[in-house]
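Order of writing sets the chain letters: A, B, C, D, E and F. Residues in each chain are counted from 1.
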């Protein structure tokens, strides 16, 4: 049985070991990741029944990807096989003043070239409670905008809650195209996860008082963005992650949830970063878990922030933390005492 | 010739490389460690003649363990061979808000199932000046409480100084059993190393003004604990390590020694942690070295704190720092300039 | 074609992985490095045509070293082959209060035993604009002081700008010998890179108000050192790197350039260190690049400081940062946001 | 849905990388394996629905084990959690004249201390066609002989085909105990996998003309053993693996199936061994797959032999070969041409 | 200066360490390789001035590829930068009866999408003596057939010797298309390297008496193929590699050269394979080196066979053997005595 | 207590992982080895009390070397500390037709520059039964010939059995110098280990009927060499290792002992080589062990051959096999069956 379905691209992530640079490496650590898969894995590690839907090439790379998803307990029964390749992203970990670098090599992937007939949403959504995708999925091009819309439509019909992480990727599509497509899709969305930059890039929504590069954030600005989003699309909740980029090694991290009338801010964590990729996705998973389990907004934002704080301390895209670990952080304050 | 004898369990330590998690690893770095062995290794690296006494299985795992101890110069002549297995502890390194995790798999180990006749303390203590054990050794169960008592009794007869690190492990024995056994053994102890939590857990001694989880420490509280311990058991010295757990990556670290009338506190180090396991043991070794070499309490606590500060920067249980390195830290203040 | 020539020793650098200690390692990461080679590699990565001149043993170790230099685009055509061995330096990375350690095993290297006839400077300098060496090159002994002087003389004849990094190595030569040789060579130097310690060690020049071990620096003191150097040797520029050694993990880092009349200080970076070896060399390369490309003193010192800040975040001796990366740091302030 | 159930112990396998020896290693490759789990994984890789039943400790080691099984598509829904530890086996890979070594550390494992009430065989066998276990499972002691018998009884009731790999482990039980228990269990077995040594050890059945150490095998002897087993226990099929141990690096490998009236021998492979552990299990999985898919005895023995030949070329306990790969070997003769 | 130009695709090669399988790996060794690049590297290691021409993406992956080529001394000045990606091939090493597997992910690579205007052959061929390409280059599609023809035409004009390795890749183009394009290009070729399968696949030329799968080769058959090729296209030489595929671990290896009138066969080597990828390319490089250095056909085929025999013992696509090593094998017979 | 003393150089051995080549590596496996140290380690692993005497630099490299020796139980109490460096040898492992390569970088090592006063042989030989060295020790130059002679003289005085492995290294000294020094030292030797090449190189003794490169050996030739050696120097025993170099991957291996009247040949092993370095040393250790334990010549040569056969299957210079393992090979014939 599955309760949550996420849909999107999963890629092979190739990263030089440690702080190695792509220019000077002769091996890559190989993991898999992608926004929606990351959410499914995290939910599965929280004990939820989560399925990930995508299209994978029918070769050893595709099978390996499926195996890893299966290992984390993610339901892979609705994955379609075919197409030419799995998308890749090369990643080098930044440190201190040197930023992390990502090179995408995702064009022509099986999912980006998928066909609307590949996915039988009625069947996929059988028994499902929550559907999650990100703005990257329609940005993949081809028939993906239509497929996303079909999924949303069907989900709505079946009274499934829909969440979306806005995630604008300027290399995948133009602002105009993004605005056109995402405006349509956002009409279906119940819970939107966004950040100030993406709101600005896609919808031209701007929060005053925030300097992105410096990482200085204004609380009021974020509430303002959320309000505008709610007003425009009628979502029930808008959640925003608040990252203070002190350096590639140290970030401030917290979150905000706005429910149409009130905003709750989580505690802020100062994090010594192990791997920040997937931080936003783990936040999304934390939110979904919280709402599926009846938490209040205030509890949800604390859970989501703590979950994604832990993600920053774990290698790879996936937040493999458990609910017990997240709760322990919320209660204990992150003192880092050894658990024996 | 040997001057110091330590007695206890040494385990195989299995740890995923780097910040890897046990759930996601396919290899383990393999080292060995255990409170009393750690003390023996550190003392040997300080140039002292230290012997470690235990029981090891007579197979390649046991022999490998002995070889590693030998490599650090520890006298292994009194180790007994037999029994079924070497205890194991799995360890994953924490980072930032994610704590380190330890899974013990030590039941049925050769030493836990040792027989009182395995150890001829009269012979083992021949020519020895100092005997060290921890509260973990009797907690291993079986005949270990009796064996510890026999060792202490013999050591006392031979006028050997006895030190003990209280180290309460709730998974090994109950508070009641711990109190019963440790109360008896503490009668023999000259130098006790403790911390507030263990004193509270075992003896119900409580220091006011200290919040363990938050890492906030009150100097007066620590002095109070030491005083109570001295009063109850008549030790000459009680030493306490003062850890401020800011996170799994950054700790404050210092120490205190109380000699029955006066307390000396060391400088406090703020440490970027490489590996905190064995921190307390390296503190103990620093103390023993100091007293064996005629240092004052004030010098001893600085030496022990600096030695254990360095341990936190070294992978594995063992503090392989030299006396020169410790002294260099005491003098230089830890500026981290390259030694060429 | 080549524009810049650097001359000196390059060594095999053997380092335990991660924070491993030499005493406890069973493998070494193998890279190559040396002050002047580091400068050539950095300049090549900045897009300049840089040649490195040295003598390498005619075996697989020497060839491997040449290959690595070639891989970074450094012109190796003037390298001479022969001699017995490549010098080695063992390096263990420090952390927090534990300093990095370097053991040199460089005696008898091909370059240290080179012959004055090995290098035809007239040919080497054909078409060249800038010549760089460090105080380590003449300190290698044998005929190296004479070879350095011959190179400087020929460079002056050809109107080539000469830069030198003072770099005193007390294990290679005495203060007296260093003073004698460097005084002569400094007469040729246009741009000197120095620091307070080396100026003191070699020339007895002392800046007031600076405590080396503590890392406390006084701006006035540094200007004073630069002035004294300019006055004594008539350089056009004296650049000084300002390191605040908080610990082996965290340093403050900035630079100063004095042009005979005015001093410019760069922004100061607080760095979480990945590898500080070669930090000074990358600073030198940043300066040379800046002056070759017509930057002002103020721009040059910002570029050099940012370049060398990035070096501290990269494993190995070489700063493989690009001009774009350095400029991005200067503009963006090192917030460490992921580059997608 | 599941078609095949296997039941037994799975252990953590710790092995030094490459040809490293346990005595000289400082890391272990960590995989999982055990006779029945190996069969389940191979069947799942063949596309069959296989479930593995065992008891795992409810900690990260147990969860990691479950995750790996899941990654290969094995149904883990009937696994029970609890108990103290996962059994371990240390393994060092032999080469040439040096044999592989295995050290078992499996006492006290969750499965060995399992309770008869842990397993609801009626539910576990719902919809199942084939049940497989080995002689190791009852040899684990405690209630395991009873649990095995209960499973066999229930399987028989449900008309499930039962296969058993005789696998005598002298360190787990005596010959007398093995004979007593296995004689009872063999009454239920439809397909027995055995070898000459185990038949001799457990049942005193001896084939003439075979020298185990030398690896010289007589066809007639093997047929004779199979006949005796069939006659004594009334199995439908007895399969025997025929290993010629030339050295730890090179083995001859083939198989025989006897169906009560006729014996079929497979082609013999001369194998350059990568990892021979699990070779017999992959043979068993090949047989089960063959009979589930309606192959004749002659086809089945070729399939099983080819499958297990491939296993010898794959690291770890698991034969992750596909049916296509096995068929390609059967057809192509193992010429090892690159598949592009 | 450059003497030899090779032209084609170079790919990132991703391979699990050791005998690891793609399905079960979490890291890839990363090297680069491709038929024509392999030839250029080998020629450079033989001391020849070799240039490789291709189009690389202008990102860190492309730059890393260029750096590796440069490290081996290959002239990279004529490489063009642009396009979207570098092609990839995943490779898993076979062992014994398990064949090596290659998964290509090369569609959309910079070179496959190159433009005829990207390459100024007149300039590229300035001062060049020999031009080499393979049948893979035109098979990449897009404008590549035209670009190859333009290169051949210009080379012919400049009296440059042209060699081609037939190399049919059925996944890249159909037999008909291959026949059409290669027939045209072969008109320009002076030295053709082929094997029986490719001659059959592309031109329908068939040698009697050879069973490809079994690896049984008939000398007469090979001479016959060469004769037919010479007759049809008027090449001066046709060289054929003769591989006996005993298994993925052990191959027989030799070569034949036919000069229009006479065939010379080399000695046959029985090889314990380390890495067979690039074996044919190293054979080609051996031939080119031989003819550039005035060797006779008999000497050339021995040199080429010995060179490519050594390649099979070296990890990666590149044959980094030196002329001295090849000659030592020719003289010494491969006894494998340590060179001290 | 120590029974056997060996004396000579131990070096740091740096080797690329697996079959990697020095030209293409970026890391080295780091072990230690040297003829006499190898003998001491093997004897210690056989349970004998063996001491190794040398001079090591007083730095972390020297201490690390001592620690490794200690780990194997070798007595290191007579090691002298001082001098400049530890000698190094770079080693790349051959495969098939590609031979292993060794690059020595040993000039200027602590032991090669040792002083005759560094070693107090009277004290070193206290209680000792056997003294072993090789022809490499005096070849190190400086005062080493004199030191060796002093050691031999003192050993003779004390009635200690002296064994020597002839081991000619042409890069260390000339034939003339070798002959002069070794002739003198051989007068003291009781048991000489030699091979045909070294006997020829040093003493001009030639065995007819042996072609070194091809690996074809004549039994009569070897007996003849042994006879000549015995006659010239009056040794009690001359042992010769008989290596058939089929390739770098496969060797034939056996040994012969001649006792002045009769020759015994061991069984011959065909070995799939893991690491052949130290093969001869392990043979020597096997002989010494045999004679110390009262074995006959026939038993001794079987033990020595089997011991050194096992060494070829173990990574590193050291034969860490046990007596039980050697005896098991002698009895069992090396069938490579798993030891459980």
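FYI, a residue touches a chain if its C-beta (ideal position, glycine included) is under 8 Å from a C-beta of that chain, and two chains touch if they have at least 3 such contacts.
Nothing here was measured: the structure is a model prediction, and the numbers come from that model.
**Student:** Go through the assembly and pull out the chains touching chain B as well as chain F.
**Tutor:** For chain B paired with chain F, the chains in contact with each are C, D, in label order.
**Student:** By mean C-alpha coordinates, which chain is most distant from chain B?
**Tutor:** E
**Student:** Tell me which chain's centre, taken as the mean of its C-alpha atoms, is farthest from chain C.
**Tutor:** Following the centroid criterion, the farthest chain would be D.
**Student:** With centres defined as the mean C-alpha position, give me the chain C-chain E separation in Å.
**Tutor:** About 42 Å, centre to centre.
**Student:** For chain A, what residues touch not just one other chain but two or more?
**Tutor:** Where chain A meets two or more other chains at a single residue, that happens at 18, 21, 23-24, 26, 67, 101.
**Student:** Drawing the touching chains as a network, do you get a line, a ring, a star, a complete graph or other?
**Tutor:** If you draw each chain as a dot and join those that touch, the picture is no line, ring, star or complete graph.
**Student:** Which two-chain combinations qualify as touching?
**Tutor:** The complete list of chain pairs in contact reads A-B, A-C, A-D, A-E, B-C, B-D, B-F, C-E, C-F, D-E, D-F, E-F.
**Student:** How about chain D: which of its residues touch chain B in the complex?
**Tutor:** Going through chain D, the ones touching chain B are 14, 17, 21-31, 59-61, 63-64, 67, 84-85, 88, 90, 92, 101, 103, 105, 107-108.
**Student:** Please name which positions on chain F make contact with chain B in the complex.
**Tutor:** 67-68, 70-73
**Student:** How about chain E: which of its residues touch chain F in the complex?
**Tutor:** Those residues of chain E that touch chain F are 18, 269, 271-274, 306, 309-310, 312-316, 320-321, 325, 328-329, 332-340.
**Student:** Which bits of chain C are touching chain B when the two form their complex?
**Tutor:** Per the touch definition, chain C meets chain B at residues 18-21, 23-24, 94-102, 104, 169, 171, 213-215, 245-251, 276-277.
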